[in-house]
């Protein structure tokens, strides 16, 4: 399954990328498993997405939980807690 | 004792006067006794200032209670509940 | 702190920007604009006349702003109340409060409005097609002021 | 209802009067202006850069305004959030809510700000004499949103 991953703000800077369109392995079906897959890249990925770090995930521009299920061509965004206003 | 009495808004209209400077009898020392003295004028005075009617009294431009004591030349205002804003 | 009772209109931009332009510590301005409505309790309103008690009004408003300053961080505040004859959609009152953070600005602004409504000596008279009538005080305004537990 | 994410400044007079001038049922407009402060957590701020998530931002803001409308009488509302690079004392955000009565206007305006602060995808980066840094989210903002018990 292919998804479009977007990163914003501090995470965009630390990951040194604002987007990618990876082909996910077949066992990656939920937000939780996607995050695990990203953590396996090690380095800043393992560090920033570690359990206990505060960040948010949105699927197709709606906030999503760890249990949310991914679909082909979903837009999945990973970003720090928001600080507007 | 002489005091300056002011009336505002609906009470000014009903009493048909905006101010007077009566010489009070010596037994009139408090807001409560002043109001009683005014009620004894009868008619609209008795009606509008009756117990249970909602109005306010200020002495020298501060809201005052029934027990407040009057002094020579005080400015005493009697007015309906406020409705600004 | 600016407090004004006036017949003239006021300029919202000028009043609000005066609260923050000279003070870069201001991060939040909460403001409230009260307007003449064309309908009150089911009757059409053509004009609204505002009477007040000169002298006591300014004193009461200053006391209300002072009470708010004692309770919240208020960096600056402006309170303008108009008197005289106004038409529907015309502004009656402006309360604007500047603070570092929004919680203080919102609370102080709403507090000032609630006490202005119940303690400041203004009275409204409406002209309707059926004639003139003095506006009645609202029990809900007393409850709004009471919740601050002053 | 007007929602805008823009780099350009906005005109407070124009935005607020648009909420009441065509609607004489409006008796109250509560508004909030958020500004760049020159100091944040003890460090001087020279400029503030605002990044957002285009597409999701507008969707999130529209949802927050819709939630407020479901809860209070909102006759009209305007929400403008700026993005790009801003300087101290420049407006960042405007939320203005028009209602018949002040209680609804105040509550809806504060509700929208609290959820904008915790749900809308904006991020602030400060430039200070010591360098750039991303602004940290505040626990107090989460508490402010939580008190509405959505």
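Should a chain be cited, it is by its letter among A, B, C and D, assigned in written order, with residues numbered from 1 in that chain.
Here, a residue touches a chain if its C-beta (ideal position, glycine included) is under 8 Å from a C-beta of that chain, and two chains touch if they have at least 3 such contacts.
Because the structure is a prediction, the values reported are computed rather than measured.
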With subunit C removed from consideration, the chain sets that still hold together: A, D | B
item: Subunit B-subunit D separation of Cα centroids, rounded to whole Å; value: 48
item: For subunit B paired with subunit C, centre-to-centre distance based on mean C-alpha positions, whole Å; value: 27
item: Junction residues of subunit C - those touching two or more other chains; value: 34, 102, 113
item: Set of subunit A residues in contact with two or more other chains; value: 85
item: Chain pairs that touch, as defined at the top of this document; value: A-D, B-C, C-D
item: Residues of subunit C touching subunit B in the complex; value: 34, 50-53, 55-56, 59-60, 81, 92-93, 113, 116-125, 134-138
item: Subunit A - residues contacting subunit D, complex; value: 6, 8-10, 54, 58, 61-63, 77, 79-85
item: Subunit D-facing residues of subunit C, complex; value: 11-13, 16-17, 20-21, 23-39, 88-89, 100, 102-103, 105-106, 109-110, 113, 140, 144
